[in-house]
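Two complexes are shown next, each including chain A; its partner changes from chain B in the first to chain C in the second.
Now for the complex of A and B:
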């Protein structure tokens, strides 16, 4: 059943002439993992701001159309309550760190403290998420003196600690090395296994291909495509819209252009390796 | 002496944390070098030594023969421009134009020359349409291009890019690729920190792998990505298509789809 529904939603930021989102209609269900991709300035972050209620409650601007979260009109929704249901991890980890706490431990505990969680439970939770994100050794450090990658993990930890039902995550791995990136994806996958809903903006399409159920592609403020991950990510047309496709899809195209045909288009690296290993390959003369 | 040289350079933060241990590296003008390695390996500290933001606690850093210890950061920064990882650490002007014009004006260039430079670099980075806007009204990733433009407008001899592809789409990466080509033509040395292995493989012939405060290998991109031991130590991975090639036994040295197809045909030819 649809939990979040948008019907013909158009939004324009204050002082801007062009809308950042135009005629967006879609529905999102609980428990699914949605990958959000598309060119820069295509509307991905604005979409996140809308889901999180920052639009229209923090950003003014002009909002047209209808949107509901769990049946409630977004314009009337109580954002404080919404913020406990929906965790939001910002694109820029430098923005997320509160700047008012002296240690990483306190930074992660900040949200829980605001909710009035008892101290013992709070400490337990902070240690649990720190272990999960492998940042235990940073707990006593100053959050303002961390590297980009470390900040990104601390920002992630402070949202995970809130135990929301829905996570809206805007590019959580932009500052991370490949290992750190995979770790984040494993944690997101784990959250999904626990029944959480994930809405993830990410340029690393290879990982989206591996983990997401559905993919939404934004372009110039419009929702260009929405569908199951395999169908959307094997659509070569996206390359013309500034959107990268998985390496497996790029390789399949190059093979095909050279007369080497795989039985289907692989979207993940693993799948591509499987197909090539089986040797189930056809040849066409050019 | 047209080079930056790290000579047995080590750096320790005031809290006692040793971030770089005995680095030796030479980057010549007009050369492109990608630095790779896991978070915390010491990449950002190393490049901050190159532009004098950090002075080595042991060893020396020489920029075109000038020892960074004998000059202020401002003096060295004029030769070696540093584009921050986070654009918001760098931007402080009211318009994109003013941001890019700031340093050339500070260096007391004639107004006409300043205007010409702003327009040139804005065109190079495809941000001309944003010149009159407030930098904070434009997308985060475009702000990164504003910071690159602002540094290039000062005409440095070298430029350091810290994670330029983070968050960039295909179009943004194409712009960066073109910027690198242009910089090579005008003999500006480029040092890039990146976690994007496809970007490194497609745009850099020389790669420096760092792990645990040290440089563990400085060499040809193909040699680095072929070396399982180096990949393991620096916790990096081959480009995706290289991983596929390695997994099906086509070799460890494949960097892109074109090379993959060529090798595949050679191996499977009757």
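Now for the complex of A and C:
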């Protein structure tokens, strides 16, 4: 059953002439992992802001169409309550740290303080999350002096500690190195294993291919495609719209152009290796 | 990992230093009373006495270095400047010397000393408060007094913004240096290096404010529940309350005395 539903939603930021989102209709279910991809300025972050209720409550602008979260109209929803149910992590690791706490331990506890969690329970929870995210060695560090990757992990820990069921994650690795990216995806993988609902905006399509159940493709504020990850990510038409596809899909296309045909289009590297290893390959003469 | 450090959160925060362990609201009270009293007394011996007292307090609170490293700048920047201006231009009968439009007299020197003592006494009290009171403790005390969570956060993040701006400025200056731009040397050279970075610095601070407020929203900052605190401060002791009341009474006495003298 759909938890979030959008029906012909169009949104224009204040002082802007062109809408950032146009006629978006889709529904999102609980427990699924949604990958959101598309070209820059395609409307992905605006979509996240909408899901999180920041539109229309934080950014005024002009919102048309209908949107409901758990049956409640987005315009009437209490965002303060929504913030307790929906975690939001965004790209800049440097602005996600409150800056007002002296240690990472206290930083992670901040959200729990805001939720009114009793002290003993709060301490227990912070330790649990720190262990889970393998950031125990950072607990006594000053959060303002961490690297970008470390800050991003602390931001994740702070949100995970709040026990949200839904996570809206907007390009969490855009400013991180490969190692930092890998660690963040370990966390995202863990959240998926826990059955959390994840809406992840990410340019690294190979990682999306690996984890996502469904993929949404945005272009110029419009929802170009939405569907099962395999179907969407193997659609070569997306390349014409400037959307990157997984390396495995590109490789399959190149192989096919050179007369080597795989039995199906692999979307992940592992799948590609598996197909090639099995030797289930056909040959066509050009 | 050893989680023994979490035990500190189970008890109210104490440092073991009498001055530092005063409740932030008591410190605010004492800061105002001691810092404003020279304005009532209007005697520069008293004002400079207060300055010495604050220096001694900073030493007793174990923060002499950080206190004085800031205080001497105030002393140099405002103290000397105000004294020179007052001494040079305030009117007086007993002229010591004249040079072009400058006229230094016994009265102008006294007036200079007076204003410097006032500024130094109040700024001394304020700096001492800042150096002995972590801002999170201050905002905690404010919240306990009924101030809204929002106001306390604004205070806390405003202080943090100063640190952030300083750090960002350093990063920008280092980038400028890497590009071969001279950032060190005389005042003019420094100004030339600093002025162009002010715009990006401020714009960056404004844009990050928006993101920070979204980040705070993500942390359920405005969740409609009673907030709890990981770190708590001890209850104010009767002795501490008595000391504060005594100082307050002395201040009221000074104000009353000043009014009476003014009326006579």
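Keep in mind that, in the parts below, the second predicted complex is superposed on the first by the 276 of 286 C-alpha atoms of A that agree within 3 Å, B and C clash if a C-alpha of one lies under 4 Å from a C-alpha of the other, contacts with A are read in each partner's own complex, and residues count from 1 in each chain.
Quick note on the criterion: contacts are C-beta pairs under 8 Å (C-beta built on N, C-alpha and C of every residue); 3 or more make two chains touch, one makes a residue touch a chain.
From a predicted model like this one, the values you see are computed outputs, not experimental measurements.
Novice: After aligning the two structures on chain A, examine chain B and chain C and state clash or fit.
Specialist: Aligned on chain A, chain C clashes with chain B.
Novice: Once the structures are superposed on A, label A:171 by its partner contacts, choosing first (chain B), second (chain C), both or neither.
Specialist: first
Novice: With both complexes superposed on chain A, which partner does A:105 reach: first (chain B), second (chain C), both or neither?
Specialist: second
Novice: Determine, under the contact definition given at the top, whether A:60 touches first (chain B), second (chain C), both, or neither.
Specialist: Once the two structures are laid over each other on A, A:60 reaches no partner at all.
Novice: Of the two partner chains, chain B (first) and chain C (second), which one does A:139 touch, if any: first, second, both, or neither?
Specialist: Only chain C is touched by A:139; chain B is not.
Novice: Going by the contact rule set out at the top, does A:89 touch chain B (first), chain C (second), both, or neither?
Specialist: second
Novice: Quick one: is A:27 in contact with chain B, with chain C, with both, or with neither? Answer first, second, both or neither.
Specialist: After superposition on chain A, A:27 lies in contact with neither partner.
Novice: On the A-aligned overlay, A:123 touches which partner chain: chain B = first, chain C = second, or both, or neither?
Specialist: Second partner only, chain C.
Novice: In the combined picture, which part of chain C sits where chain B already is, 171-179, 207-215, 225-233 or 243-251?
Specialist: After superposing on chain A, the stretch of chain C hitting chain B is 171-179.
Novice: Per the definitions at the top, what is the overlap between the chain A residues touching chain B and those touching chain C?
Specialist: Correct list for chain A: 92, 94-95.
Novice: In the complex of these two chains, what residues of chain A are touching chain B?
Specialist: 15-16, 38-42, 45, 91-92, 94-95, 147-150, 171, 174-181, 203, 206, 239, 242-244, 246-248, 250-251, 253-255, 258, 260, 269, 272-273, 276-277, 281
Novice: Under the touch definition given earlier, write down the residues of chain A that touch chain C in their complex.
Specialist: That would be residues 52, 54, 58, 78-81, 83-84, 87-90, 92, 94-102, 105-106, 109-120, 122-123, 127, 136-137, 139-140, 144, 155, 158-159, 162 of chain A.
Novice: For the complex, give me every residue of chain B touching chain A.
Specialist: Within the complex, chain B touches chain A at residues 37-40, 44, 85-86, 88-89, 137-142, 163, 166-173, 195, 197-198, 235-237, 239-241, 243-244, 247-248, 257-258, 260-261, 264-265, 268.
Novice: Considering the complex alone, what residue numbers of chain C touch chain A?
Specialist: Residues of chain C touching chain A: 1, 3, 5-6, 9-10, 134-136, 149, 153, 156-157, 160-161, 163-164, 167, 208, 211-231.
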